[in-house]
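Shared between the two complexes below is chain A, which has chain B as its partner in the first and chain C in the second.
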Partner chain A sequence: MSRRRRLNDQTAPALLLAMPALLGLLLFILLPFATALVLAFTDLRLGSPLAVNLVGLDQFLYLFNDPDFMRALLNNLLFAAVAVPLQTLLALALALLLNRGLPGTLAFRTLFFMPVVFPMSLVAVIWSLIYAPGPNGMMNAFLQWASFGLWEAKDFLRDPLLAMPAIMLLSIWQGVGFQMVILLAGLQGIPQTLYEAAALDGAGRWRQLLHITLPQLRNPLIFVILVTTILAFRLFDQVQIMTRGGPENATTTVIYETVQAAFARQQVALASAMTVVFFLLVLAITLLQRRFTHHQREVA
Partner chain B sequence: MAAIEFNNLTKRYDSGIHGIHRLNLKVGDGELMVLVGPSGCGKSTLLRMTAGLEEVSSGEIRIDDRVVNHIPPQQRNVAMVFQNYALYPHMTVRGNLAFPLRMQKQPAMLIEERVRRIAEILDLTPLLDRRPKALSGGQRQRVAMGRAIIRKADIFLMDEPLSNLDARLRVEIRGEIARLQRQLAITTLYVTHDQAEAMTLGQRVAVIDRGLLQQVGSPQEIYERPANAFVARFIGSPGMNLIQSSLYRENGGIQLQLGPRRLPIPQRVLTDFPGLATHSEESVLVGIRPHAIHLSDTDSNETLPARVCTTEAMGHETIVHLDTALAIDNSHQARGDQTHLLVQLTGHHNFSAGEQLAIRIGIDDLCFFDSDGEAIR
Partner chain C sequence: MRPGPGSTLMTYLLLAGMAALFIAPLLMMFLGSLKADHRVLLESGSLTAFLPRELSLQNYSDVFRRSEFPRFFFNSLFITSCIVVCGLVVNSLAAYAFARLQWRGRDLLFNLVLALMILPFEAIAVPLFYGASILGLRDTYAVQILPFIANAFAIYLFYSFFIGMPRELEEAARIDGASTLRIFFSIIAPNAKPVFASVAILTFLTWWGSYLWPTMVTIGPTVRPLPVAIASFYTLPPLQWGDILAFGVMMVAPVVLLFVIFQRWFVAGVASSALKG
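The block that comes next holds the complex of A and B.
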C-alpha cells in the first residue's frame, strides 16, 4: 500500500528530470565498477588473442603474492600513517592561529589555501625542481644554509630512503590548506560563550583547547582525517610525475600499480582486481567514519 | 564572599563609543544588586568587566579591596550564569557541574559528592547523565545555576538568566534565585532589562542608561522618588507620565500650570520638595504614576477633560490612553513614542474610543523634574 502511494502524478516528471544524472551515474560510476568487479575474476589481457576464461580468485591470490603490489600497499599504509596525522596536526595548528583574528589573517588564509587550487601535476613539476639533485637544487641549498654547511647534497627523488618522505612533504604542503579551511570553519562555529564560561570556571588556554575546542571540533576532525586517509590511498599524480614508483619501488602505490598493470602491461583483469581491493579499503574507511559520526549524532 | 567596588569605571570602545562612563558603585558583601536598563545601556558590559571578559579602559574594579583590572577571569573566583547558559554541549549534566571543580583539580571523591549535593538542591538528580540538548529551557537554566554555585565563588554574576524562559517559569525561578542567593549569602550582580524583575529581586537596584549610572537605591526608593525623568519613565509598568508644565509665583505662593488649570501648590508639598521654590517662574516636568490618576464623575475646577484613545484590558486592571490638553514630554523616553496620558485603573472598564471623561490629578502624588530631567526635591 504505502509503496504504491509514493507513486503519484509527479513520479513520471520526477524520473524524467532525474534521468540525465542517473544516466551519468550509471554510465560512469556503476557500469565501470560492475565491469571491473566481473573482470577481476577473469584473465583478460588487452590485445591478447587467447579466449577469456573465468579464473575465480586467481588474480587476487596472485596479487597478494606479488611483492610489487604488497610493497605498494605497504607504501600507501606508510604514507597514510605519516601524512594523515602530520597534516591534520599542522592544519589544526594553522586553523587555531588563523582563528585568533590576528592582523593579516585573510592574506595568510589565502596563502595557505593556494596550493590546494594548483593542479597536482603542476605542483609535482615545481617540487621536482625544488628537489633537484646537486648543491644548487633549491632544497639542498636551503638545507646546506640551514645546517651551516653540514648538509651534503642528496638526490631526494632517487634515494630509496628519501623519495617517500620527499613525496610526503609536498603532499602535506599541497593538502594542508584544504583541511585547514574545514577546521577553521569548525572553529568559527564554536560559540564564544563556551570559552568565556570555561575561563570563568578556571580553564586556561591549554585546558580550553582540551575541553572545549577539541570536543567541539570532533566531527570536522573525523571528516578531515578520513578524507585525508582516502586521499592518501589514492596517491598517484606525484608518484607518476616525480618518481614513477621508484627508486626500488620505494614510492609505488596501489593506484600506480593499477595504472601500470592496465595501461603498460595490458593486464586489465589484474588491474581490476587491484581496484576491487582499493575499493574495499576505502569502503572500510568510510564505514569507520560512519560509525564514529553516527555515535556522535546519538549523543549530541 | 566579597564586596565589589567600581571607581570611575569607564569602558570606551575603539569606535569611541562609551560602554560605561565613569561609574561609581559599591556592592556590599552578600548583597544582591540588580543592574537594570534598556538594551545597549552598558549593563552587560559592566558585568563582563567584573568577570574579566572585557577589558577596562580606565578606572578600577575592586573585589574585596583588591584591584582586579588586570587579573584574568580564571583567577577572579567569579561564577557567572550566561543568558544562553553556555552549557558545554559535549558534556553530560554531571560533566557540566563537575567542570569547575575539575579545573580546580579537586579529588574525584569530593567532586562526586558535591555534584550529588548540588543536583539534589536543584532537583537535577534524574538528569545527571543527560546532555544539555536533551533538557528543557528551565532544566538548562538550573544546570547553569548549579555550575555557578558548585564551587565556592566569591561573586555571582547573572546576565539576564531568565530571559530565555517563558513567563510562568520566569516568575518561579526568580523566586528560586532570590531564595538561593539569601541562603548562600554570596555577593551577586544581576543584570536584567526587565524592570519588574529588578523590582522584585533586588535588595538594591542600579538603573543604567547610555553607560551612565542613573540611580541606585531600594526598589521602593527608585519607584517613589526617581532621581530623574529617565528613571521615572523606565521603572513601573507602565512608566510615569511626564507632563510639560511651568511654575508661577503668585500671591506669595507657588502655582502649577497644568494644561488649562492653574493649581496652587499647598505648603505640605512645598515642604516635601523645597527645591520647588528655586524653580518658580521656570518650565518643569511634572511626573505622575498612571495609577495615581483618577476618574471623576463631575466636571469641576480640579478636573481635566480627557478623550479615550485606546484601552488595554489586562483583567485585573485597565490601562487607558487619553488625549488631553496636557503636553506629554517625549524627550526622556526609554522605549517607543508616547503622546497620550496613561491611566491605570483597577478592575475591568469598558470605554469606547472617543468617549469623554474627566480626570483628577492629586497634587500630593506628583514628582517634579527640571528642564534637564533632574528631580527637584
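The block that comes next holds the complex of A and C.
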C-alpha cells in the first residue's frame, strides 16, 4: 500500500463513527425484518409449548381466505382511494391560496399546519367528541345547520356506512398541513419568469395552472401522494382508539388485524405473514413512485 | 400572477372558511378544558362551544387527581429526549463517515441504509414485539428507546446536508493534524445547526405522538407514555369530557409551544424531508 493510499484510507475511524448507528439498524431493523420474513412461513405462537414447524405458504393461504383480513385490505384500499386524492387536492388548493403572498399568509399557514403537530391519539379523542351521537354532537349539529334541518342525528362511529368516512375526515384534517407545506415549498421554487412569459403569450390563470404550475410541481406532488398512500396503509391509531375496527369490521385495517393477531391472539407467525403482505404493498407503492419520478427526470 | 382586487377578496374568503374548519376542533378542545364537564357535550352542538364563559381550572386539578399525569408526562419526556439526543449523535456521526471519509465498503453500506428507509415501523413491529416478549423486556424504558435511536432517514438527512458543505472547512484542520472526531465536533457540527434542528424536531414529533409500539409493549402505568395514557384516560369511567380535554391540552402544550417558537425549523424540517428525494 502506498503512503498516499494509507493517508487517504480512513476505514478505521469511519467504521468507529458509523458503528453505533449501523449496529442499531442491524439489530433493530434488519434483523427483525428478516425474522418476520422467516416466521411468516412457520406456525409459531407466542408462549405455545408445541414445536414450531415450517408450514410453507399456509399462513398466506389462510389470510387470503380470512374474510376479516380481506375486509381490512379492502378498507385500506378504500381509504387510499378516497382520502389520498381528497387530501392532496385540498393541500394543493391551500398551497395555491397561500402562495399568492397576501398579508396574513403566515398566520393561515401556522393554523393549517397546527394539527400536524398533534399526536394522532389526541386527535382521535377530540374527534370522538365531535362525532358524539345525538343532536348535541358538534358534527351532527353542524350538518343539521348546513342542511337546513334535514340531517337526522347519527351515531357516526357506530354506523357501518359512516364510520370509515368519519375516520377519513379527521385523518385529512390532521395530515393536510404536512402536504400543504411541501407543495408550498415546491410552488415557491417555480421560476417567476415562466409565468411572465406565459402572461405575455396571453395565457390565462387556468392555462398557467395547467401548463406551468402542475408540471413544475410534479415531483413534490408525487412525493406527497406517495407518503399519504403509505400512511393510508399504516392506518391504526384512530381505528384502535375510536372504533376498534368496528362496527362490523367497517374500519378494520391491515395493521389493526396484525396487532390483534400478534398481541391479542399470540399468533406471531400469522401476524408476520400480515407484515409481509403490508411490506409488499409499501414496496409496490414506493417502486411505482420511483418510476414516475424517474420518468420526469428523463424528459427534463 | 398578480391577483386583482376581486380575487384577493375571494382568496381571503376561502382562507377564512378553511381556517374556521381548522380552528373549530382546536378551540373546542381548549375552551372545553376550562368548562364544567357536563357543559362540554351540551354546548358542543351550538356556537356556545366557542364562548368563553364561566371558565375554571377545575378539570386540570381533576386530571391530577384521577390520573398519574406527571408520571406519564415524565415518561414521554424521558423516552423522547433519550431518542432525540442519542439519535442526533449516533446518526450524524454515521452520516459524516458516509459523506466525508474514504473507506472500503462505504457505498455498499450506504445503499443498504437508503434501502432501509422504505421500511415503515409497522413492518418490524411484530418480530420486535416477539423479541421483547421472549427477552422479558416489555414494560421497560429500554424497549421504548433503544430500537429507535439509529434511524436510516435521519442518517440520510444529515448526509444530504454534510455532502453540500465546502471541503475547505475541514482541510485546514486535517493538515493541522486534528482527529476525525475533533473535526466533526469543532467544525462540522457547529456549521450544520439547521439540519440538527430539523432532525431533532422531526424525531421529537414522531416519538411524542407514537402510539402503536407503546400500546403493544407497556402493560401497567409505570413506563406508560402520554398517547397510551390519554387513550386509557378517555375510557376511564365516568366519562368526564372536561377532564379528557384538559389532559389533551397539557399533553399537546409542549409541542405547540415548540412549534410556535421554532415554526421556521418545523416547516423547513418537513419540507427538507421531501424535496431532496
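Simple rule for what comes next: the second predicted complex is superposed on the first by the 291 of 300 C-alpha atoms of A that agree within 3 Å, B and C clash if a C-alpha of one lies under 4 Å from a C-alpha of the other, contacts with A are read in each partner's own complex, and residues count from 1 in each chain.
Note that in this section a contact is a pair of C-beta atoms (placed from the backbone, for glycine too) under 8 Å apart; a residue touches a chain by one contact, two chains touch by 3 or more.
Just so you know, these numbers come straight off a predicted model, no measurement behind them.
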Check your understanding: Putting chain B and chain C onto chain A via the overlay, clash or fit?
Key -> fit
Exercise for review: Would you sort A:Ala197 into first (chain B), second (chain C), both or neither based on which partner it touches?
Suggested key: first
Exercise for review: Could you tell me the angle at the CA centre of chain A between the CA centres of chain B and chain C, given to the nearest 10 degrees?
Suggested key: 80
Practice item. Between chain B and chain C, pick out the one touching the greater number of residues of chain A. Key: C
Review point. Between chain B (first) and chain C (second), which, if any, makes contact with A:Ser147: first, second, both or neither?
Key: neither
Check your understanding: If you stack the two complexes on chain A, which partner ends up touching A:Arg207: first (chain B), second (chain C), both, or neither?
Key -> first
Review point. Is A:Ala262 in contact with chain B, with chain C, with both, or with neither (first, second, both, neither)?
Key: second
Check your understanding: After superposition on the shared chain, which partner residues are touched by A:Gln216: those of chain B (first), chain C (second), both, or neither?
Key -> first
Exercise for review: Using the superposition on chain A described above, determine whether A:Gly186 touches chain B (first), chain C (second), both, or neither.
Suggested key: second
Review point. Taking the superposed arrangement, what is the smallest distance in Å from a C-alpha atom of chain B to one of chain C?
Key: 8
Review point. Looking at chain A, which of its residues have contacts with both chain B and chain C?
Key: 199
Exercise for review: Report the residues of chain A in contact with chain C in the complex, numbered from low to high.
Suggested key: 8-11, 13-15, 17-18, 20-25, 28-33, 35-36, 39, 46, 93-94, 97-98, 100, 102, 104, 108-122, 124-130, 132, 135-138, 140-141, 173, 178, 181-182, 185-186, 189, 195, 199, 205, 208, 219-220, 223-224, 227, 230, 234, 236-237, 240-241, 255, 258-259, 262-263, 268, 271-272, 274-275, 278-279, 282-283, 286, 293
Revision key, fill the gap. Given the complex, residues on chain A that touch chain B span 191, 193-194, 196-204, 207, 211-212, 215-216, 218, 299-300
Study note, to complete from the structure: chain B contacts chain A in the complex at 51-53, 72-74, 76, 78-80, 82, 84, 86-91, 99-100, 103-104, 131, 133, 147, 151
Point to revise | In the complex with chain A, residue positions of chain C that touch it | key: 1, 3, 8, 11-12, 14-15, 18-19, 21-26, 28-29, 32, 40-42, 44-46, 49, 90-91, 93-94, 96-98, 101-106, 109, 113, 116, 118-120, 122-131, 133-134, 146-150, 152, 155, 179-181, 184, 205, 208-209, 211-212, 215-216, 226-228, 230-231, 234, 241, 244-245, 248, 251-252, 255-256, 258-260, 263, 266-267, 270-271, 274-275, 277
